[in-house]
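Written out below as structure tokens is the structure these notes cover.
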Amino acid sequence: MVSYPGAESPPFRLSMLIYDRRYRSLTLQAVVFILAMLAASWFINNTLQNLAALGKTLSFDFLFRRAGYDIPQQLIPYNSDDTHLRAAVVGLLNTLLVSFLGCITATILGVLAGVLRLSSNWLIARLMTVYVEIFRNIPLLLWILLILAIFSEVLPPPNAYRGDTPEAGMILFETIAPTNRYTAIPSLGMTNSPGTLTFGRIGISWAFITYAVAFVAAVLAHRLIRARAQRVQDRTGIRPVTWWISLSIYLLPLLFLTWYFGLHLVPPALRGFNFADGINLDNSFVVLWLALTLYTGAFIAEITRAGILAVSKGQSEAAFALGLRPRRTMSLVVLPQALRVIVPPLISQYLNLTKNSSLAIAVGYMDLRGTLGGTTLNQTGREMECMVLMMAVYLVLCLGISSGMNLFNSGVRLKER
Amino acid sequence: MKKSVLFGSVAAVVLAASGAMAAEGDTLNEVKTRGVLNCGVNTGLVGFAAPDANGNWSGFDVAFCKALAAAVLGDGEKVKYVPLTGQTRFTALSSGEVDILARNSTWTFQRDTDLKLDFIGVNYYDGQGFMVRKDQRVTSAKELNGASICIQTGTTTELNLADYFKANNMEYRPVNIDSNAEGEQQYLARACDAYTTDVSGLAATRAAFADPENHIILPEIVSKEPLGPAVRHGDNNWGDIARWTLYALVAAEEYGVTSANIDELAKSSGNPEVQRLLGATDELGTMIGLDAAWAVRAIKAGGNYGEIFAKTIGEETPIGLARGLNAQWTQGGLLYAMPFR
Amino acid sequence: MSETHAQTVAYVRDSMLPPQPPPMRSSGAVLWLRANLFSGPVNILLTLIGLGILWLIFDTLWPWLSHSVWNAGSIRECRQIVSETYGPEANGACFAVIRARWHQFVLGFYPQEFYWRPILAFGLLFLALAPLLFGASVRARRIVLAIATVLTVLSAAMLDTGLAVLAGMTALMLAWSALIDARPGRALLASLLYPFAGVWLLWGGSLWGPVMVLAGFGVGLAVWRVAARFGMLAVAAGAAAAALWWWLVSAPLAGLLAGAVPLRLVPVTSDQFGGFVLSITIGIAGIALSLPIGIVLALARRSDMPVVKMLAVMFIEFIRGVPLIALLFVASLLLNYFLPPGTSFDIVLRVIIMVTLFSAAYVAEVIRGGLAALPRGQYEAADALGLDYWKAQRLIILPQALKISIPGIVSTFIGMFKDTTLVVFVGLFDPLKAMSDTVRASFEWKGAYWEPYFFVGAIFFVLCFGMSRYSMHLERRLKRGNR
């Protein structure tokens, strides 16, 4: 900077803090910051006073006490002698499970419905419009309650499968029994089990590990073969036929291991009051999953439709003009552009679904809110600690999902050069 | 909307300014200034507390709220019923949202100490039982191994159930439900083999079925469930008022004081205990910050304990509960009012 | 032409061929069917699947609906009537439960003699919104005003409202409609008064309470105007004056005035709110209060000042990262802990506070989108005119940004309105679950599962669908305007 004589900056006066643009923003920020801190300390002070008046102290010790209640669906071993902390983890895993599966099925349903809504088939397009509008404009809670009522009123109880001439029959070759308590599906059984690898109380079957190793090896081998084929093609111009080698690399170890372990399906069988042997998917889980799928699917359908409509017709016409076939036009031209429009709102739908899974309260599915923010809170009376912990977990979960998806989004975003 | 928020914040500022004006420990004055008793009740359990088509609350727990309001404020109708879920009930009490919690809550050690509540007595002695369909041919809870059981989350019954099955080396599938209404629906749809809750609740639920004769309540009582009203820890005077209002209702039945004959007895009873109870002599009411006629008003509001019981959950009502443990000690029950002296 | 050819051409057809029908494929219905339903194997399959689904829905719902019973005293009577009329196996809806208890689903436990108050409050809402939302065409606005007035008065009349009250309602609504029609600009002022009128109608009590709150705004505004030359200090002075007014003056003055001129309605406490009255009250209060907060948050998030920006981001991301149920539990379990000892709000008020904060975060994101969508030129033009920050925002940026944000705000509102059903989990009587449970708790209607869901779902659908259609219409209109 060149300094001019006589244009030296005026001496600092207090009023400049307000009237001088250079200082005003600093003043404002200081004021806002002090006010925010004051408000925060006021709230904290009140809270401490209130807690003291009630004779309560903030303490997370209760997490390590015996929980004493049972949880119907558990992904890691849990019984009523375990701690509240473990119960909370079981709940968190249940939240994650239903959110994860819900996101997958809602995306499939939503994309399907969104595409079909643009189909030239009048009937299907109208049906999908009706589906989208009905599910978007009625509260999720109603869908959950309605589907729960349908499941418990319409499906048969387990003992309807009893007897020589049962009132209800199992479906899909006698393997799946939908009841009004759970859906009994077959489990996997092994006649020649290699035993399990245990970490604490979590056991992983060696068979599973073997399959995983075989699969990873197959993937590596497959890549090698493709690389070799590419080299051959580069050298000679003719690509050797490799699909049957790849296929057998994947399939043969699989078949061998299955034969070796004697892997088979164990159909559920009625024992006493309930089905045993198979896996019983609790209705609370199935209902919540279904309701979240249908509800979020309607929103995703709308997003998909908007995304496809946002790609101008000129793009596909130009692709045709270049001689691309319809499928390649779709995959190389239309879809990448549509994805750019679709992904950001899709992320927020995934977040919504995860947050909406807390409506598990309506069906008694024991998710994070049901365990930590429900029974634990109620049995220990530590509402402050439980709620703070629960909100923190949800916050981390949502921020995690959104940052993960944002990474993906930056991958598909238009690269401006 | 805007107004209420503004007024709320204004009120908050005023309250903050006047410091701990409404200091902990003076619920009585607070209630008197407000002119209304805030009473925490169930969101809807027929017989104990439920609103009718016009929003009028009635039931066994509601009757206690009315008696207390009559004793303190002179009018049994000056009650604001705050429906509370199993989740929100204890916090509502400790945060001061309600003055008393009459929501069939079990008196347990932890609630009395760690949760900083004070149970003022027991107004219903209950126990946890199981209800099953007759056609299942189950006659004992010991035969329920492997059964699906409907259970309300967040209650003591949930813990008792886990303990009972563990102690007897049996397994079960819990079907978690959120409210009694939902439990009923699930049980009737056979989504669970047995429904477990307090026996009084089971009886009330069964009474409302279209075919009550097809359901039985199993003989095992797996826990003690003394249900009673609770107040905040620390305000002993308010606790005394609530406790002795309950005793007044119980004692009134013991001495044959009913809402019909109370005016007459207040003037002419020869029994010194009744005289003291009804404020004819000794003015016991002034010792707890009320007037002499507090008990008269409390009893008049809905009758004595026996009358309330008969009107809300007794054998004449659809709920049809027998007195059982809840008879007076003179009749072989557990109800025992401390002496009014 | 034909005459000349008649001689020259050797063979000429001497009789006209009869006119033939056009080919099958190119006429009306058949062509349409072929083009839209059966154009190829995939399409045929899809059509068949669609027909199957339709048949399934029809087959389940139709018998139930067509066998419905509207006149019965209890669910058992209903079932008896159905089995007597349509055979023992028949399954019919028992809409008698809706007939008997509809008022509970719609109006909750609001005292029957005052049903006109919520109805009038919601009728007036349309008048208050008319200058804002239906300002585009005079005709549309008139239709909306007429429908709102007629419906409000009619429904109040059907609910046994006294003649005097009815006449008053009609006069008020007609006068307001006339004002909107004649001077839409002025009518905006009346719209600003609406929140106070609405609160007074719904909760009752002395009119002087809301008036005093309003007067506080007036005092603040006056102080600000007088001290305007001090710039930012004037804002602070205005706020302080208003706060002082509310704190010290308003309560005694209101008492005094109420003593002199007792203008009061019978108070109705929040615990008597339920059903759709509760849902709509929470929804509208939430969106109305969250708009100003949302605007401030959006501006703060786009601010150059790092501290302000950080605070806004923290607040918005926190609220958006937590489920509404958790916030409702905070309202129910924790809010009282955060306030000075001894303070206790009504649960409805606490829920409104949390719902407001919740939707404020979402509204802020919508408005931020609107702000980002404005071309840079608008900001630069405002700077070039020498406007300061607030003037630029108020005169140039916000009017445009808010206009493009309206569809987003409406869909936020729809989402929030649907979410008001969650208040059941903190013990309030929402129309969907709590009211259905209450109705089912009575001995007559035990077991009426489907009908309440059907009824409440239909009302939700009509309201939400109407709003979403309106917002789509608005979007189209705005698009045209921007071209």
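Note that the chains are named A, B and C in the order they appear, and that numbering of residues resets to 1 at the start of each chain.
FYI, a contact is a pair of C-beta atoms (placed from the backbone, for glycine too) under 8 Å apart; a residue touches a chain by one contact, two chains touch by 3 or more.
Quick caveat: nothing in here was measured; it's all calculated off a predicted structure.
Q: Which chain's C-alpha centroid is most distant from that of subunit C?
A: With centres defined by C-alpha atoms, farthest from subunit C sits B.
Q: Determine the chain that sits nearest the middle of the structure, using the mean of its CA atoms as its centre.
A: So the chain sitting closest to the middle is C.
Q: How many angstrom lie between the CA centroids of subunit A and subunit B, rounded to a whole number?
A: Using C-alpha averages as centres, the distance is 42 Å.
Q: Whole-Å distance, subunit A centre to subunit C centre, using C-alpha means?
A: 30
Q: State, to the nearest whole Å, the distance from the C-alpha centre of subunit B to the C-alpha centre of subunit C.
A: 39
Q: Residues of subunit A that touch two or more other chains: which are they?
A: 50, 53, 149, 153, 361-362, 383, in rising order.
Q: Hunt down the residues of subunit C that sit against at least two other chains at once, touch-wise.
A: 329, 333-334, 336-337, 339-341, 425, 449
Q: Using the touch rule from the top of the page, what residues of subunit B touch 2 or more other chains?
A: 24, 87, 91, 95, 182, 185
Q: In the complex formed with subunit B, which residues of subunit C make contact?
A: 76, 100-101, 104, 108-109, 112, 195-196, 198-200, 202-203, 209-210, 213, 216, 243, 246-247, 250-251, 269, 271-272, 274, 281, 284-285, 288-289, 329, 332-334, 336-337, 339-347, 349, 352-353, 356, 425-429, 434, 437-438, 440-443, 446-447, 449
Q: Where on subunit B is subunit A touching in the complex?
A: 24, 86-87, 90-91, 94-95, 110-111, 114-116, 144-148, 153-155, 158-159, 161-163, 166, 172-178, 182, 185-186, 189-193, 232-234
Q: Enumerate the contact residues on subunit A facing subunit B in the complex.
A: 50, 53-56, 68-72, 80, 149, 152-153, 157, 159, 180-181, 271-274, 276, 280, 283-284, 361-362, 364-366, 370, 374-375, 377-381, 383
Q: Can you check the complex and tell me which residues of subunit B touch subunit C?
A: Subunit B reaches subunit C through residues 1-8, 10-16, 20-24, 43-46, 50-55, 80-85, 87-88, 91-92, 95-97, 179, 181-182, 184-185, 188, 208, 210, 318.
Q: Touching residues of subunit A toward subunit C in the complex: what are they?
A: Residues in contact with subunit C: 18-19, 24-25, 28-29, 32-33, 36, 43, 46-47, 49-51, 53, 116, 119-124, 127, 133-134, 136-142, 145-146, 149, 153, 351, 355-356, 358-359, 361-362, 369, 373, 383-384, 387, 390-391, 394-395, 397-399.
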